[in-house]
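Quick heads-up: structures coming right below.
What follows is chain A paired twice: with chain B in the first complex and chain C in the second.
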Partner chain A sequence: MGLELSIASIVFLLLLVPFALVMEGIRRKTVARMQNRIGPPVWQPIYDVLKLFQKGKTDTLAKENPFFWIVPILTFLSGLAFFLFIPFNIISFQHDFIFLIYLLVLESALFVLAGFASNNPYSTIASMRELILMVCYEMIFAIVILTVFIFEGVLSVAQFDSLFLFWKLPVAFICFMVLVAVEIRITPYDTVDAPTEVLESIRNEYSGKGLAFLKMADALKMTFFAAMLLYFFIGNFNMVAFFVLIPVAVMVFSFIQATTCRYRVDQTFKRLAFYLILALVEIVRIKFIVW
Partner chain B sequence: MHECTLPIGPQSPTMKEPMCIRVSLEGNYVNDARIRMGYIHKGIEHLFENKSIIKVLYMSEHICGICSYAHSACFTQAVEKLYNVHTPKKARYIRTIVAELERIHSHILWFGFAMHEIGYDTLFQYGMREREYILECFERLTGNRVIHSINKIGTVRYDFKKKDVPFVLERLAKVEKMLPFYLKMVEKNKVVVARLSNVGRISRNMARKFCAVGPLARGSGIKADIRKDRPYEAYSEVDFDLITDNRCDSLARTVVRLKEVGQSIKIIKQLIKRMPEEKIPPFSKIPPYLGKFPEPKDKFSYGQVEAPRGENFHFYKLEKGVVKKARIRTPTFQIIQLLDKLLIGVEIGDIPVIISSFDPCFSCMERMIVVKDGKKEVLNEDGFRAKYC
Partner chain C sequence: MGINWECFKNFFKKPFTKKYPFVKAETCERFRGRIIYKADLCIGCKQCAINCPSSAIKFHKKGKIDFNMGECFYCGLCVDICPVNAIEFSNEFEFANKDPRELKNKIEHGKPKK
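Up next is the complex of A and B:
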């Protein structure tokens, strides 16, 4: 295990949170343009977060629960920890992709915990929905990552250098796109974040700094998935091109969000189960048929 | 699974107007639903009493924001029937045009909100754009965008100018162009169909039993439309289809409303083509204007109009040009009894879809509050009968 820090990676880590928030701004702007609206400026999420840090806490019964204020900070930190692997391999060790899978489960589990800790019926429903879906989508994630690493025959994220893998693993790529939609909670799989059904999802009782941390964690997760999609399936050929392509990937997600509507939770689960089977088929396929 | 109670409303993104539904949940499914009303009760029937016809005419428009014309049309119809007022042909045509524009406006606004409930915000924004075209038409024809105040007893306030024709036709063409796209989106898009079909089923018998009106009844295959059953204004002179759908679910209601927009555009085009060349009288000779008018024997009168949401019924007792008693039955008042029955047994995600498929208008609906021993009770028709009759 080694800690590899270069100037570029330090600058990246310092500017990571504003970068992720600008990506969130780009998503909102793209959706707004597709919806025949002008939309907020791309740096609006940064303003929002700065404003939330100045705000005080609202008085809720939930604040007696220590998890209520600790969990958003932990969620944010786990969101930061993703970027130790991709795109700069700051930490690398043998079989570190298993650690990556655990990190994602941790982030989702903390999200669920935040909902249960806030002692609100709507947040509880959102957490329950996330738990139901986690059963499926974390397995899809693990299988897709395993497929990629078995196909490449490498043991660490740092050793990974392959271009245009989506051409060789098309089914895994489709499964991964579906997974991204579930993870970053965009339509058609945003049952957890459905504002007309569960209001503000798990964020109902949060305010001030806690809400700011949750918002930043969401932005970080979205940026991370855009980065991971590029890293594994397009290829890490040039750092500058990589950072230009991240907004493009975010725009693709925005396009999906703007052109679909949301499934009910049972329908989402059925579809995820189907994609789980597809992912299993792919991991078996690379053993026998390779092109 | 543990049980819990979830309050939906009075302030919720699910409903655009305040109403509270307390839902008992068993896991993810609804066990029991209780509707609580009374957040925007205005007591408008009482406010009508002992006011002159002219005052009530403009007050009646404030019953509802979206179908404001339908209420004033109902009142005008009641007064005109009682005093045998003759309305010129052109005035009747203008009234019909405004009524149909209002139907288009209401249905498109509803379509946007219904799509917003299932997460299709793009179609919601598109719907808002189309609605804006219709509001511009209103602004041109009546001078106002929401409360039109076009009706007068026996006549209308503004004449239909020839220079407005190309403007209105152009705006209608823009709406008409988008309609097939919306219909395709609703009927062919797999996600929309998955969310809407087989949700909130109202069988034909159930709709008959609860006297459902408007698109809700037509979505259950019942041919109920006041425009066809008892034609008023200029509806007997125009050609249009009565849209029904036998699928009985939320999808059927959506399709019915969208197809009705097409029929409304058809009606308006016919009326503009046949608009007679005559002058509209500035006022009509009835009691408030001319004191020495003979009082009719019968003091009771009613108006019956097909509002965008269904049959709108007003019943009045008039004496010497003054409203003595008023009774208003709006379409939502009639259909809201079905709501809590449909909610039982559905998933939480279906609640917004079912509520929006009703197109409820709570400010129209809230008619009655019973105050007894300092306790406030809001009752619907069934509850009132069970308790006090």
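Up next is the complex of A and C:
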């Protein structure tokens, strides 16, 4: 097990939060431009978070629940913990991709917990939806990650080094793109974050610091999925290319968000079941047919 | 698939939104904006003050009329009734002000005769 906490990595982790918030701003701006609007400035999420940190707590019944204020902080920290693996490999040990899968499950589980703790009917519905979705998509995610690692024959994220893997694993790549839409909750699969159905989903009762932490966790998760897409499927380039390509990947997600509309809950589950079969086909295929 | 191409095109086009306070909004033809009173044309028939439904017009004497734009609802009766076209609509529509006296009449073509 290697833990490389150099000054560079600490600076990287500190600068990551504003970077992720700018990525969120780029997403919002791109979606707005594709819908022929002007959209907020790119720095708007940073302004939002800075403003929210100055605000006090609202007087809800939910604040008596300790989970209500402790879960957003944990969600934010688990969002930061993703970046220990990609792109800098601050932590690396044998079979650490399993730990990565666990971290992603943890982030979603904390999201669910935040919804249940806020004691709001809409939040509860959103949490239930996320809980049922988690059963579907985390399994597909684990299979896709396993496919990638079995194909490469490595045991750690740090050893991973290959270019343009999406050409060799096309079905896994399609499954991964669908999973990105489910995980970062953008339109074709935003059953959890649907504003017309569950309002602000789990954030209904949150305000001030809790909401700021949840917003930062969401931005970090989106940036991490862009980073993971580049790291696993496009290639492990140097750092400069990485930070130039992350906004491009975010723009691709924005394009998906701008051009699609939401599936119903049952349609989402049917499609996820289909992608589960596809992912299983891919993991079987790489054992026998390789090109 | 048409929506994909449409969104892609929109990304490089200028946004539809107009930046209003910086770029002045264009008004249409026959726009009912602030009323302009031409004092040198007025013959003092008082028809405008009589016909005004909201009594926004106070007639003092020929060439001295108070238009209170805070009470006016732009029905256009005074403009229609004026026999010499001394009252007209202008294109000006942004007269929100801290001073209520700014809402009073705007006199063109010379000062009112006393």
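Everything below uses one rule, namely that the second predicted complex is superposed on the first by the 287 of 291 C-alpha atoms of A that agree within 3 Å, B and C clash if a C-alpha of one lies under 4 Å from a C-alpha of the other, contacts with A are read in each partner's own complex, and residues count from 1 in each chain.
Please note the rule applied: a contact is a pair of C-beta atoms (placed from the backbone, for glycine too) under 8 Å apart; a residue touches a chain by one contact, two chains touch by 3 or more.
These numbers were taken from a predicted model, which means no experiment stands behind them.
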Consider chain A as the common anchor and indicate whether chain B and chain C clash or fit when overlaid.
fit
Does chain B (first) or chain C (second) touch A:Tyr47, or do both, or does neither?
neither
Contact-wise, after the overlay, does A:Ile38 reach chain B, chain C, both or neither (first, second, both, neither)?
second
A:Thr30 contacts which: chain B (first), chain C (second), both, neither?
second
If you stack the two complexes on chain A, which partner ends up touching A:Thr259: first (chain B), second (chain C), both, or neither?
both
Residue contacts with chain A in the superposition, chain B compared against chain C
B
Quick one: is A:Tyr102 in contact with chain B, with chain C, with both, or with neither? Answer first, second, both or neither.
neither
Distance of closest approach, chain C and chain B, by C-alpha atoms in Å
5
From the superposed pair, tell me which chain A residues show up as contacts to chain B and also as contacts to chain C.
34-37, 258-259
In their shared complex, chain C is touched by residues of chain A numbered 30, 32-39, 255, 258-259
Going by the contact rule at the top, pick out the chain B residues touching chain A in the complex.
4-6, 12-14, 28, 115-122, 124-126, 129, 189, 191-192, 194-195, 347-352
Can you list the chain A residues touching chain B in their complex?
31, 34-37, 121-122, 124-125, 128, 187-188, 190-191, 194-199, 258-267
Residue positions on chain C within touch of chain A in the complex are 3-4, 7-8, 10-11, 13, 15-17, 19
